[in-house]
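Presented below are the structures under discussion, each in the form of structure tokens.
Below, chain A partners chain B and then partners chain C, in two separate complexes.
And now, the complex of A and B:
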């Protein structure tokens, strides 16, 4: 393709990317480096109840008005929000490190800081759900592929259902099912003969519930990708393997898996990104007492009446950095594959 | 506040809960949670209302404005018959009500035109005209309208007012404290932290957020 043709071909995409990706990102980064001007006005209005209006109040009101007008973005604070206690908390982490008695003690004290608490769950979720999704997706794809062709269409549709259900709705349905008075919740109480058993009251069980939900929701995605891949497995190689006396398991391991490996990288890439942003199940399961994620922190900061915009922007930037770090190995691999060394 | 504490140092945005009053309050909350549904950390006031309507609850400390719904038409007659309201409880042997009064009001945005502001104000005033009080609307709230007669649903609120219950300090930075409390007290409620640690966490989280918003 000529450079000029390529340019015109690519222009709409580039424009959309600039408008909908680059501009918002710039705005988020800028927001995360500013905070609102000092709200002296509120404090003083409050103090008026106790004191008489004085000249100082008028001066401060004028000052806030003036600075809001001249710098509508707010006050430049650099990386102050990034390093404060509700984000990376450099000072607190340093203190914990100084006063630690053991490494485990240090890690558990990090759990008191919102950012690290969220990272703990987010990373656990990402690294447990992603491989399980790939594994289950692959098994379901193999199973559906070996069905009679009349059944396949129906089973493909049936297996995709969890992905079609809106995450928030899906998690709410499960939430009520596992409730102490729900069908699964009371069923488990019967099974273990323990009327106080609650899936929602213990942190460990809540994490397991969220992870099971995550696998249930995302496995169909991996399944449909692998199922499409299975249709392209060369029959000659399979036949050759059969003639060599390979069992069905050996065929799968030595022929099908290597054939699908680029797809595994693709699914891993998408799932790592998706799972790092885990959010809906935490809201759906009202699980924020036991598990939080970076996305949940952002939602909590800009939701309700508090609107901590700078804080939310900072967490967004940290999420993006997290995704980049997470995807680095996969991206490097893909880059190498497309740019073989000469 | 029933223990005599305050959320903020008077006249400032500095949080004032990290003290003995705070510790006492948290310990009381924790002690009460032993009588609750084990899933209490996932329940909001809609869920607790549903539990009440299902007849699963014996005693509940609840928003006065929600009493009407607990006796609604769809609720089981036996539950309605067994539902009674009382004024706020006290705590720790004190005489101060362990409750606060919340008032709803209306606001007019300052950046709309004067005509719009006038129209908004007139519509609002029309909505709370004395003539709108009738059998349906009277029990729906505790109205500050001429001619309003307290209904049984308002008994709790009036008892609270008679006890001299303080108004809730709904200051611009109160939301920041609610949000910090929601995130920082859960470890204590699950027995993973002491009350002192939880309050120190709440104080630090709030102070950081309030600094960001420019209140401190």
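And now, the complex of A and C:
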């Protein structure tokens, strides 16, 4: 395909991604360095759009000039917002480091700082849910694959539901069930003979609830991918292993698992990306008193009566840096594959 | 596998069936329970004393004289105007799917047919964009949208959702078009077609399975979105998911929690129907990226 043809084919999607992903990215970076907000890039775009739309050239330029004057660029504050108490909190962390005697004390005191609190839950959630999803999905795939043909389709249908359903809706459904008056909540109370037991009351139980929700929501994805992979396991290798006297368990470990390992990498990549943005279950389970995530604090800043855009933008930038660090291994691997000689 | 199946010991067989049953209950029971319970009154749905009340509907009988009631649905759809949210969702989803498919089909086709280095980089950039949580972009949208006075309207949200869906849809269609042999459009070009004519007359007739699959996922992304729709739509333009979220605040205090339950069930039903009819496409879509590696 010629460069020129490629350009025209690709232009619409590139334009959409440039205007609504790349430009907002630069805009949040600039927002995070200014207070209360900076409209530099957008003002420029604003001008262009006004020019195109209205074609009343002089009038518009005058207007834009006036609006620029009446709404001066936000004050440049550099990395001040990044280091304040609601974000990286350098001062507070330094003080904790000085005053706390043990390392565990230090880590638990970080819990009082909103950003580190959110970071703690986000990372725990991501790195607990992802392996559990892979393990659970693999077991379901093995079990369903050994069923009768007619049962398989039926199982796939019901297995898709937790994944397909809107995260907020799915978490609300479970939230009502674990309510002290709901079926699971009251069942647990009877099981442990403790009428005051509530899954929402303590931080530990809330975290466990959210993680269980995460596994429930994502295991179907891993299941479907592994299930598709199981259909392509070479039968000759299995038979050869059987003849060599491998037990069923050994066959699974030494033949099936290596065959599925590229799929594990794929599922892990998608799951890391998706779990890192955990947000809806915290809203659905009304869990913000015990667990917050990076996405949730952005939401909380924007949702305030006075929208804290600079603060939200700063957290956004930090989150994006986190995503890039998370993706680094994949990016490096792809880079190596693409430049094998270097 | 058949030779394996015959020799499977009874213990293992029981373990497998037990586990499958466990997963089936885990996956399906919450939905069936909530659907059933949405036709009851609150005291039956949340029956601390005796959980069988949900099945017999004792309290529902006391209030309405029969063991089922549509009161929750009436309250949600008519009193709280959930129908408005339903239509908004329909408009947003259909437009998002149509626009993002149009853009991504052209882009994905171009990427799959171009062997140049930049097409690789474009895919990597798309992957990074795909990894960004959508909510991180929202604070970048708000100020300009206020300035241009377009905040809160459906078209704005549709365009934003289209853009956020683009990286994913692009990847999906890119890997689908790679499975269509290049020779097909090459030969059309040899016969004197331009690239676009080759696309129109040769590729479009055979691309529908891939496009339908990509469309389904693009629909799900738009339908399930909460962060963008909740922050970019004004009260009267709300779609179903943010509407449900706002129910939580208002109805819980007013004791109308059954409105929220009914709304939640209403939002699930379209998804149920979708899975029922498009199960095969959904499964093939989930595995499409994986098989490529």
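General observations
Note that the second predicted complex is superposed on the first by the 272 of 342 C-alpha atoms of A that agree within 3 Å, B and C clash if a C-alpha of one lies under 4 Å from a C-alpha of the other, contacts with A are read in each partner's own complex, and residues count from 1 in each chain.
The rule is simple: contacts are C-beta pairs under 8 Å (C-beta built on N, C-alpha and C of every residue); 3 or more make two chains touch, one makes a residue touch a chain.
These numbers come from a predicted model, not from an experiment.
When the shared chain is aligned, chain C comes close enough to touch A:156, but chain B does not. Touch criterion met: A:180 reaches chain B and chain C at once.
In the superposition on chain A, A:12 makes contact with chain C only, while chain B stays out of contact range. Applying the stated contact rule after C-alpha superposition, one finds that A:166 touches chain C and leaves chain B untouched. In the superposed pair of complexes, A:281 makes contact with neither chain B nor chain C. In the superposed model, A:214 lies in contact with neither chain B nor chain C. Judged by the touch definition given at the top, the superposed model places A:85 against chain B, while chain C stays out of reach.
Touch counts on chain A: comparing chain C and chain B, the chain ahead is C. Of the two partner chains placed by the overlay, only chain C lies in contact with A:248; chain B stays clear of it.
Chain A residues in contact with chain B (one complex) as well as with chain C (other complex) are 37, 39, 42, 46, 49, 179-180, 286. By the touch criterion given at the top, residues 35-40, 42-43, 46-47, 49-51, 75, 81, 84-86, 92, 111-112, 114, 175, 179-180, 196, 198, 200-201, 203, 285-290, 292, 300, 304-306, 308, 310-311 of chain A touch chain B in their complex.
Only residues 1, 3-5, 8, 12, 16, 19-20, 23-24, 26-28, 30-31, 33-34, 45-48, 51, 54, 102-104, 106-107, 109-111, 113-114, 116, 119-120, 122, 124, 126-144, 147-148, 159-160, 162-164, 166-167, 170, 194-196, 199, 220, 223-224, 226-227, 231, 241, 244-245, 248, 260-261, 264, 267-268, 271-272, 274-276, 279, 282-283, 286-287, 289-291, 293 of chain C touch chain A when the two sit together in their complex. The residues of chain B lying in touch with chain A in their complex are 10-13, 37-44, 171-173, 175-176, 178-179, 182-183, 186-187, 189-190, 193, 197, 201, 204-205, 207-209, 211-215.
Within the complex, the chain A residues that touch chain C are 1-3, 5-6, 9-10, 12-14, 16-17, 19-21, 23-25, 27-28, 31, 37, 39, 42, 45-46, 49, 139-140, 143-147, 151, 153, 155-162, 164-170, 172-174, 176-177, 179-183, 186-187, 216, 220-221, 224-225, 228-229, 235, 238-239, 248, 262-263, 266-267, 270, 273, 276-277, 279-280, 283, 286, 294-295, 298-299, 301-303, 307, 309, 312-313, 316-317, 319-320, 323-324, 326-327, 330-331, 334, 338.
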